[in-house]
Every structure is written in C-alpha cells, then in structure tokens.
Amino acid sequence: MTTAQVPVLEARGLSRQFGHVRALNDADFEVFPGEVTALIGDNGAGKSTLVKALSGNLAVDSGVVRFDGAVVDMASPSAASALGIETVYQDLALAPHLDPVQNMYLGREIRRGGLAGALGFMRTREMQAQSRRAFDELGATVRSLASPVGEMSGGQRQAIAIARAVHWASRVVFLDEPTAALGVRQTKNVLETIRRVRDKGIAVVFISHSMPHVIEVSDRIQVLRLGTRVANIRTADTSMEELVGLMTGAVTKEGRL
Amino acid sequence: GCSGGSGSGNTTGGGSGGYSIAFVQGVAGDEFYISMQCGIEAAAADAGATVTVQGPAKFDPTLQKPIVDAIVASKPDALLIAPTDVSAMQAPIQAAADAGIKVVLVDTTLDNPSMAVSQISSDNEGGGAAAFDAIKAAHPEGGKVLVVSTDPGVSTTDARAAGFEAAVKNNPSFTSLGVQYSHNEPSTAAEIVTAALQKDPDIVGIFAANLFAAEGSATGVQQAGRQGKVTIVGFDAGPAQVKALKDGIVQALVAQEPATIGKDGVAQVLAALKGEPTEEKIQTGFTIITADNVDGEGAKAIYQSTCK
Amino acid sequence: MIVKSPVTETVAIGTIDEPRTSFVGRVVRAQAFQIFLVLLVIVGIFSAIAPDTFAQWSNFRLIIQNASILGVLAVGMTYVIITAGIDLSVGSVLVFSGVVAAITMRALGGEGWGVATIGILVSIVSGLAWGVVNGVLIAKAKIPPLIVTLGSLGMALGLAQILTGGIDIREVPSVLTTSIGYGNVFGTIPTISVIALVVIVIGAIVLHFTRFGLYTLAVGSSEIATRRVGVKVDGQLIKIYALSGALAGLAGILSLSQFSTTAIAGQSQTNLNVIAAVVIGGTSLFGGVGTIVGTVVGLFIPAVLQNGFVITGVQPFWQQVAVGAVLITAVYVDQVRRSAAMRGNSQGLWRKFVSGGRRG
Amino acid sequence: MTTAQVPVLEARGLSRQFGHVRALNDADFEVFPGEVTALIGDNGAGKSTLVKALSGNLAVDSGVVRFDGAVVDMASPSAASALGIETVYQDLALAPHLDPVQNMYLGREIRRGGLAGALGFMRTREMQAQSRRAFDELGATVRSLASPVGEMSGGQRQAIAIARAVHWASRVVFLDEPTAALGVRQTKNVLETIRRVRDKGIAVVFISHSMPHVIEVSDRIQVLRLGTRVANIRTADTSMEELVGLMTGAVTKEGRL
Amino acid sequence: MIVKSPVTETVAIGTIDEPRTSFVGRVVRAQAFQIFLVLLVIVGIFSAIAPDTFAQWSNFRLIIQNASILGVLAVGMTYVIITAGIDLSVGSVLVFSGVVAAITMRALGGEGWGVATIGILVSIVSGLAWGVVNGVLIAKAKIPPLIVTLGSLGMALGLAQILTGGIDIREVPSVLTTSIGYGNVFGTIPTISVIALVVIVIGAIVLHFTRFGLYTLAVGSSEIATRRVGVKVDGQLIKIYALSGALAGLAGILSLSQFSTTAIAGQSQTNLNVIAAVVIGGTSLFGGVGTIVGTVVGLFIPAVLQNGFVITGVQPFWQQVAVGAVLITAVYVDQVRRSAAMRGNSQGLWRKFVSGGRRG
C-alpha cells in the first residue's frame, strides 16, 4: 500500500454536505503518476462528488488537496486545467449547440498567426484535422464533425468527451464512468487508450461499475462507501468478490487507509 | 359622424382639386389631439380635402420621426404636425418642407419654425399658471400644493408644471411640494398621491398635468378618504375629464382650444396651397372650467369627442 | 485484515434525511421566506425613519390596496414563468377587457348589481379569450411566448383603441366603484384587496397541492420529460395562458372599479412590473421553480419602496435610482441567503464575501 | 426464428433521416409477449431512435407500426402509454426539479376521493409509500424522497426511471441502457426485475452494450447496424463473438430477417 | 448462414455528411435566411400596393436611417441573448450616455470635431461603464440579468434626469448633426447607417469567426460545460454586457446627433423593440443559438411594416393590431420552414398543417 513516490494528487479529510446528505465524509484519496487508479463504490457513494471537488468544480466544507506534495486551492476548473488535470464528467459537460471540433478545442483554440490570431481568429481547418485523428484513435462513430453534439447519440457524445480529456491531460485525467454509454469496440479502445495514457506517465482515475473492466485496466483500487474511503488496495491483491463486498459493506478492511 | 379615433383613408391629392392633408399627432389616442383631428376633418371636408391621421404610441420624438418620414414618402400636399421635440423634429419636418409639402405646426413648435407656413400654438405655461389660480380660488388661505406630471422631458407637461411652479413661487401663502412623475400610469399616480397625503395630510391642491395624472390623483385622494378637502385641477377638457369634473372628482379643468387650432391649421394650409397670404403665428387661449360654469360659459370650451 | 460481516443495504431508502425538521425550520428554509426577510428589513428602516407617517395601518392599507390589482396579475404570471414562458400582454389584455366590459355595461345602462355582474363576467371572458389565443399559438404553433405575447400586447391595445376611438369610457356602474373600488370589509380592509387575497390563496393552493400545479412545475422543469410520461403538455400550457388571461380580465374590471376609467394609455409598464415581482419572488425565468408567496413579497418590495421614498421626501429623480439599487440588493441578499441554506451552514453570507462567491 | 405467436409490437420498414444522417434505414423490429428482446448495436446504430419512434416520441419518414397485429399511429407518448407501453430513455427524461415520488407518479397521480379529488388534490402519503416500495425492490439508493432528482447521482436517477417504467408497463417496456449508470448490486436487481416483469407476460426490450448482461437476461437478440436490422436470433443460438461481429459488420447474416 | 468478412470500422468519421452542399444550399438552409424571405414578401406586398411612394429608394433610405440606432443596440443585445441573458437597460443607458456627452460637450463649448470627438468617447465610455456594472453584478454576484438590468434601467434614467434636472439638453455641436446625424456617404447613404453597418459587420464576424464569438455561443449553450473546460465564463459575461453597454453609449451619441436633443423621455420602448428584433431573427431566449444577420432582418420587419402602414394610410390603431399579427405570423412561418429544413424534406410546411405540427 505504501509507495515511496509522491502522489501527484492527494486529498485528505474531504467533507461536503448537501442539505442533510453527507456526500463526502472525511474522505482521503491519492493518485500516483503512471498508475491507473480505479475509484469504485455503490450508487450515491460520492464518487462524482469527489471528482468534482478535485477538479475545481465544487467547494468542500473541509479538507486539503495537495498537488505534487504542495497544498493547492482548487478554486476553479481553470485552476485544475492549469495544473494539467482533465476530467470526463458523468453528466458529460459538452456544449450541446457546438460541434465536436468546437467542443474538443473549447478553451484551447488554435489561433491564427500574427494579427488575425491576436484578434481571435482560429485555424478551423487544423483543429478539424486533429480532432478527426483523436476520434479515429478511439474508434468513435461520430458521423459528422459539423453538426451540434446535442443531436448525437449517447455513445458519440461520450467519445467526444473522452477524446477531449485524453488529448489535453498532462498530469491527471479523471474518467467518471467513461464507458457507460459506449459500444463493445469503443470500450475496448478506451481501455487501451487508458493504458497508453498511463504509459506516458499520466495518472488516470477510472470510475466504473464494471468490475471486469476495473480489474482489467487498473493498477490500484480505492473504494468509497457513504462518502468515506473504505479501501485502498493493489488490484493484484484483490478479487471481484472482495470488491463487491467492500462496496456494499459486507466486507470491511481494518484501520483507516 | 366619425368616431374620434378614425382618420379617413389615404387618397392621393389631385383629382378634382381635392388636396390631401396629413395630420401627425403628438401622441395617438389622446383626446386633445382627437378634438384637434375633429376640427381638422370638419374644416377639410368643407374644402373638399382629404385627411390622413397618424401618431406615435408615445409622446416621443424617436417614435414620431419614422412616421413623419413615411408621411413625406407618401407625398401629401400639406402636413399638420404637433412636433414632440423642438430640436429633434427640426430636420424631419424641414425635409418635408423641402419636398414641397406645406407645413403647419400645431400646438407645439420648433426651435426654428421658419419652414412652416404658420404655427398655431397654445400656451402651456399660461395654462399651468391658470391651474394655480383655480386652486387659489378654492383655497384663498393658502397651503401645500403638489404637481403630478407624466415623465420628465415631455415638453408640454414640463411647460405646464413650470408655469404652475412659477405661479406658486410668486405667492408666499402657498408652498410647492415639487413635481412627482407618474410615468403615465394612473396606478403610479395613485401611489404617489396616497403617499404624499400620508406625509403631508394638509395638502390643499394637486395640479395633475395630464389626464392619467388626474385620474390617478383622484383615485389616490379617494383612497385616502380626503375627497372634498383636496382640490384637483386637471388639464384638458375631454369628455372623460368633464365627467370627472361633474362627478366632483376633479374640481377644475384647464381647457385649451384644440378644435380651433385644427380649424385654423387647415385654413392656413389651404391658403398656402392656393398661394394666398398666411398668418405666421397664431396664439390660442385657454378656459378654466369648474362645476359652476360647466353647463354655461365653460361648455363651449369642452372638447368635441365625436366629429360631426 | 479482512473482516466479514453480514450483507446490508448500502442505505435504506429515505432513512437519512426525511423531513424530520420542524415546521418552523422548513418555513425558514423556504425560498420565499428569505426575500420576506428583506421586505421586513425595508419596512423596518422606513418605520424607523418615519414612524408616524409610514408606520401606520392607514398607510399600509393604502400600499396593500394599490398593490392588489398587480397581485391578481402576478398570480397568473407566476404560473406562466414557472413554465419558462412569459406573458407581456397582461397590461393590454387588462385594458382590452376593461374596455369591452365598460362598453357592454354602458350599452345595458343602469347602475345596479345586475349590470355590474354582467360586466365582471364579460371582462373575465374577454381576458380568457386572449389567454386562450396566446396559449394555442404558444403550445400548438410553437411560437416563442415572447413573440406571441408581444404581438397580442399590440393587438389587444389596438383593438381597445379601435373600440373606443381612443377615448376612455368613464361610465362605470356606481356599485362597482363604491363596493369594489372603494369598499371595505370589516370597515378597514379594502374589498379589492380581499378579492386579490382570495385569488392569491387559491393560486397558491392550486400550485402547491394539486395536480394542475404539479404539471405546471413539471412542464417548466422539463417539457420533454413531462410530454414523455404522457401528460398533455399542450393542454396544460393553454390552460396556464388562459388563466393568466382570465386574471388579466379580472384585473381589468378591478381597475375599472378603482379608477372609474378604462385608462387605455395606462398600463404600459404593468407587464414589466409584474414580471419583476415574480422574479424578485424567486421564480426562475428558466422554469421549474416558483412560489406564489414569493411573488406576493416580490410585489410589495417596489411598492413599499415607492411609498416610503415619497413619504420620506426623497426627490423623484433619486427615487428611480434608489428603487433600482434596492431591487438589485434585495435579490442579491436573497440569492446569497438561499445558496447558504442549500449548503447547510448558516454563515453563508459572510463566507460568500470572503470566498468571493464561488459556486458550490 | 419464426414464432406462431402474434408480436405485441411490430415495426416494418421504419426510416428516419436527420439532415444527412440516416438514423433508421428501412428497419424492422418485433417483440413478443413474455419475452426479453435485446436490441444491440454499435454507438449511433439507431437504437435510441428506434425506441423513440416506437414510444411516440418521434415521427418517422416511412414505415408502419403494428400493435397486437393492428396498425397504430404512435402519434404521442400518451398514445404509447395508453397502449401499456413504458420507456426508460437513455437521456432519462425525469423532471429535475421534482422529487422522486412526483416523478414516479407524474401523469398518473393518485387522486383523493370525492370533491377534493375532482379538484386535483392528491394522496401524497400513499404515493410516497408505494414509491418507496418500488425503489426498495430495485435496491435503489435514493437517499431522500423529498429532494429534487436533479440533485441526485447518476445511478439514483437511473433507478427512479426504471422503477417508474416497470411500475406502469402492462404490455411492453423499453429499457434503453438501463444499467449503464448502475452499481453492481443495482444491476443485478434490475436484471432480476426484468425477468420478473417478463414472467408477468410483459414484453421487455433491453438495450445494452454489455454482452454478458444481454446474454444473461435475453431470450432473443436483434442487431441494428447503420439503422438497419441485420440479425434477429434466439439467444441460445448465438455467441458473444458472433454478436460483436454482427454489430461491427465483420459477420453478416444472409437474407433479410 | 453465417458469412465472415474482414472487420471494418462501423462508420468512418466525417464521411457521411461533411458539408458537401453548395454555398447557395447552405445559405438557403441558414436560419437567418428563412426570416429574410418573410421580409422580402412583406416588402413585395407593400411595393405592389404603393409602387411610387413605398417602393422608392428615398423611402428605403429613410427606413434604413431610422433603423440604424436600433441596429447598433441590437448587435449587443444579440450577444447578450445568445448567453441566455437579457439587457433591459439599453434604452436608459443610451439616454444616460447622451446626457453625459451633451453635458461634457456643452461645458467644453465649441462646434468643431475636437469637442465632438470627446463627446463621442465620453458617450461610449459612459455606456461601457454601465455595461461593466451590469456584467459584474450578473457574472460575479449571480443576480438574474432581468433584475440587474431592470435595476440599472431605473438607475441610469434617474441619474440622467438628475444630471439634467429633467430638462433636455439641446446644445449639440453642429458637426455631429450635419455630418453624422444627417450627413450622407456617396451622396445618398446616411452616415449613421454606414456606422451601424460597420458595427453590424464587425459584430457578425466576431460572433461567427472568432474565439470571442465561440465563447459567447458556448456560454449560452451550457454555462457549466464552458466553465468546466476552463473558459473564464465570468469574464466573458462581463465583456458581453460591457459590449452591450458600450454600443448603447455609441447609440446615445448617434441619437444625440440625429435628434439634437437628449430626449430623456424617449426610448421607453427601445429595449422591447430591440429584444423583439433579436428574437424574430431566430436567436433563442434560452441561449446557444443566434446570428447577427437574423437580428438585422428581425429589426427591419417591424420597421418596414410601420412605414408601409403609414404610407398606405392604415389607421394608427389598426397598425398596432396589424403589426402584432404580422409579427406572430412571420415568426410562425420562419419556425415551420426551419423545422422543415431540419427534417431534410421540403414539403414541411404543408406536412405540418396536415399532421398537426407533431414534434420530430
């Protein structure tokens, strides 16, 4: 369980209450570079809430976040982006009226050179070509690069969000149930992409309810239950049964991890 | 006879010598201008001329200008217009004159009225002063008075308020509580008056600078249960105002002479079109109507509501 | 290291936070209550400044009376805005209904309750008719509500002017003026306000406790979801615009009673005033949330400000400035308090200032 | 492949074009009472479009729909509801500002008796109790029956939508990727619920990208590819490999089915 | 029965419907084009009725001139509405900016370009300041745009009245009136319209081709998605309201040039007129879609109607009714044609009537 390495991202004692619901309850979490960390837990365990807190989308009531060992204030999504953290949210967060290319490059457009660039004109052609390449890599079935993503199928939208996050992440990428809407082939591609990204030294956080996928792709598994981390284990050391038990509370690990 | 709001259809001039006259009101649907329209239509009918009536929804030069522009494009022989602003309407009306249209300014005027064959105006400031006289007559002992106007920047009501305020200043036994603006909403006028009476229960007179201000003020006074103790003087003497006067809601009215203005306007226009001499400036007066003279002397001053 | 224990449900349903809170607690957390506090503060300030002119029942009575007609309109507008719609036509429909009723009553002649009752019905039906037209165009022809009601604003006003020739009608049966316009219940409560109160109470009960209200919220929350579960969304929308129209008709006869004139050129600001009241009261222009109580409070904030400023002698030009500033401040305070309540901790306002208002 | 039974719902030659994208291309489809039919296909194959067309949410350009053998005009969702057809949409279609109970009963509220009922007053208490039972049955982790569903986690919302559809369906229920957001335990419960519903004689259409779940629960599988049905097979007669091949076009079945 | 074939991609990306359509085809399918056809039909009808009065360049010239000031405002409003916001304050800010500029120029004295230039700058900066205030309150304090701009509507107007004492200022340097207000370019094109055209063209290019425009659409499409990808949404919103304010300031000096008065009682309908133009032009009040070209067309529909009705002698009261009816019809026709284009078949209008307008 102990690694000599410094975690690229580390959370200690995060709590967040919504009305009477305690979505995060003194939760710890850490991810190491070049590792795929699976984050699992029952519905409503607080996984998405944790992701939002660590990507600057949600203020927590208490707790600290460290990046490369130094305490950071993850005050906004831009702060997270600036640190090289990218996220695929469970509720996708694409702009429905924009096309896939615009969504892919939103906030990171390639500007033209010279004055035109300074005035905000963009290299549309180039962005299109690069997006096409990124989608192809995932085997995404995005049928048109010029129609709004709001008109696309669930899986097509999912693929665009994943392509975007993978394209831009330099340190950490959060994938909140990325394969939920994907077809068989696309899922395989995404799992492969996850490995490829990991091999570049980027930390990947993979959230999924599919235990086979989790076991197939992850190096380490952290289990949330009722807003608290109840386990942090190497994938090699565990089994499907134990994981299910941990999520539902049938099995408990001794001590805080 | 035609009912107040309906102008006759457009016919281009020529034909059997019938001229086409366009009348642009300061604001559509105001009884003052409707009475004026009646005067115009009556006079025009006598002369065999046709009349088109247009007007903006508000007393607002930015709304009146496009209408004047369109009128000019439709090429009437003559234009009777109540400009909504002394400078804003200068250029559009000049353009009309330049297009060979004979222009007569009615009620309100312009900074430089030289393009007009005639200007027939009423004295709004004098009317405001007369309204004060009506309050003084009812309350010779003096007291607090309030003006309820429409919006700041409307030239006619501003002039009425200014005339009233000036008259108050010259009379030390009266104090003015200033001008409040009702934004042409009777309900706002009512709110203002009830609040003002709450603050100064000893108000003796309210000058309401237009119809809605008068209606709202009357409602406010009634709500506060002070009818009979506060004298409300309204402006203009359309049938609605006269009914308010007869009902005792309003104690006096300042009546202008819109029908006369209209009649004179048509006369001047026809003279100009026929190449006869015109009068450069005609000033019309006003009458104060109270319950005492409404059925007698004052009756003549009441505006026509239906054109005969 | 591993301890087995019997399998349990992760969370039993509804065991964590069923509304165990007291009635008072729920009221305090209700969104309408936040803005009510703002209103209380405003009333408190004016009362302190002008205790014997502002803080009198006679004055409050007049404020209430003056807000009554807007209150009737605001109930309908709340329903409309909850569906993410808008009704710009209420002022014109009010005028139109008043004109039709006045013409009818003048034609019938007489001053008694018979004529007055017919007038009341005619007015409501006229408003209802406009509302149905609006509703059909919005629900069936799928034209944006802003365009439809902007169009019917012009049309209703134009027709009112055509009917009267632009000259206000002032012959109103005296029973209307004396009993509704200026009558009192229990000696001191204006009849017109009692009528408004009845409308408001029924409006609130229907919105919060009946199926009609539920469908209204559902349509505003997600039209497509509501349609998919088989609710007749088009019919619901038509009914809501019809309600707004009918209430504008009722307001038309109330206005006729109070002002004894059709006031054709008046009411040009009515729509914005009513919409502002609804939004101040916490109803979202994007639909799905809203309360009638909030709307009523939202109505009184500008009314009390206007009254208070005149009484405390603020100059007219400054009044506009002050009303604008207080409006913005009131909604801001309400908004901060509400999001603080959402976070479940109460030092929200202070925290917000310190943290720079980050979303949570 | 042939059954003597009359299909409860049958579509023939459905086509629907969006701009240049042909989402349905002469597609056939049928479901039989008391059977679980899995509808599978790659992302963008047209599965959700087909579901929308058959539940009265989308007009098709051509094709006929038969219910119990008679041609019907599925003109609106109410028409589908009236026939006993209920649907869980992929993009859930819950009203986010309403609470789970209100969503569960929307359009089908239990009215009070007598005058109060005629005026539209409802039995809130009773609806609450019944909803709770329905959620419990699915093992859903809906934490509060009184907060808006818009605030709930992805899996919680999914569970509410499923509970709703299952509760009201009397003839056909469409489930468009119902388990995508669900936890392990909840997924198991949903699969069990599907079997239970089927055993009541209701036709269930199950859309999923998870081949193990499809094979576990379905009696018959129909495969869509580029808007056309390319296969209609009994589950017992096929294999995971064949299905994947059919979806991606690597395998083709001869003849139109 | 089973035939194996090599694995292929289900669909190659972007192979099915890349915009292979011709330029003309795309223009015809563009939403702004639909409503443009409606405008052409209206112009055609009036031209047929009144060929030698309506259908004259001199008349079109005046229609264009009269629409120019609204056109400048409408560019800013389009941006605002695309973000799902609203700006009710444009009319008041216009008046306020004009007043401040007029006071400044009066204080400096003189009739030349030097004073005029200062006046122009002062007016734009005054408008900009109001826009920034609006933007900060909306973006940072999270107060609904309707409330903020309703508040600043009252405040700007009140301050304009305070500055002038309620009396219009009419001393305007003559260069403004002669060269901007009534000057012409190429002898016949009004300078004021050329200025508006420049604003419109720049506005359209920025909206459709630059990052600023893209962010505007993105914020309107999904504020949360845009925020999550790291776009500074608050800053973008502030810039957009600042733009709207600055354009209102520019419109203020144009209005001053054209009317040589501050016209503080005017402009009361301006905000609704501009909003209507934007919505008629196909911009959704719910954000995410909109074009400047559509807005310009949306501006001309009421302008042409008003002009045509006056020229053809329609009575004023009937004009209101007719404008309302045509407005609704125009947007309906546009809406039906647009959804027909979406379905990819062209008999949409007819089909819609036959099928009763079912969604698809």
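Labels A, B, C, D and E are assigned to the chains in the order they are written; within every chain, residues are numbered from 1.
The definition used in the following text is that a contact is a pair of C-beta atoms (placed from the backbone, for glycine too) under 8 Å apart; a residue touches a chain by one contact, two chains touch by 3 or more.
Remember, predicted model here, so these are calculated numbers, not experimental data.
Hopping across touching chains, the smallest step count from chain B to chain D is 2. Using CA-based centroids throughout, the chain positioned farthest away from chain C is A. Distance between chain C and chain D, defined via averaged C-alpha coordinates, is recorded as 41 Å. Centre-to-centre separation between chain B and chain C, using Cα means, comes to 36 Å. Chain A and chain B have CA centres that are 71 Å apart. Separating the centre of chain C from that of chain E, both taken as means of CA atoms, is a distance of 30 Å. Each of the following residues of chain E touches two or more other chains: 10-11, 16-17, 161, 166, 268, 317, 320. In chain B, the positions touching at least two other chains are 5-6, 28-29, 58, 152, 179.
Shared contact sites, meaning residues of chain D that touch two or more other chains, fall at 18-21, 42-44, 57, 76, 140-144, 147, 185, 247-248. Of all residues in chain A, those touching chain D in their complex are 18-21, 41-44, 48, 90-91, 140-144, 147, 151-156, 158-159, 177, 180-187, 209-211, 244, 247-248. Chain E makes touch with chain A in their complex at residues 9-11, 13-14, 16-19, 206, 209-214, 217-218, 220-222, 224-232, 288-289. On the side of chain D, the complex with chain C involves touching residues 55, 57, 76-78, 80-82, 87, 89, 92-98, 102, 106-109, 111, 119-122, 132, 135-136, 139-147, 150, 164, 185.
Residues 5-7, 9-11, 28-29, 52-55, 57-63, 65-67, 69-75, 85-88, 90-91, 111, 151-154, 158, 179 of chain B touch chain E in their complex. Chain C makes touch with chain E in their complex at residues 84, 88, 137, 140-144, 146-148, 150-155, 157-159, 161-162, 166, 268, 272, 275-276, 279-280, 284-286, 317-325, 327-328, 331-332, 335, 356-357.
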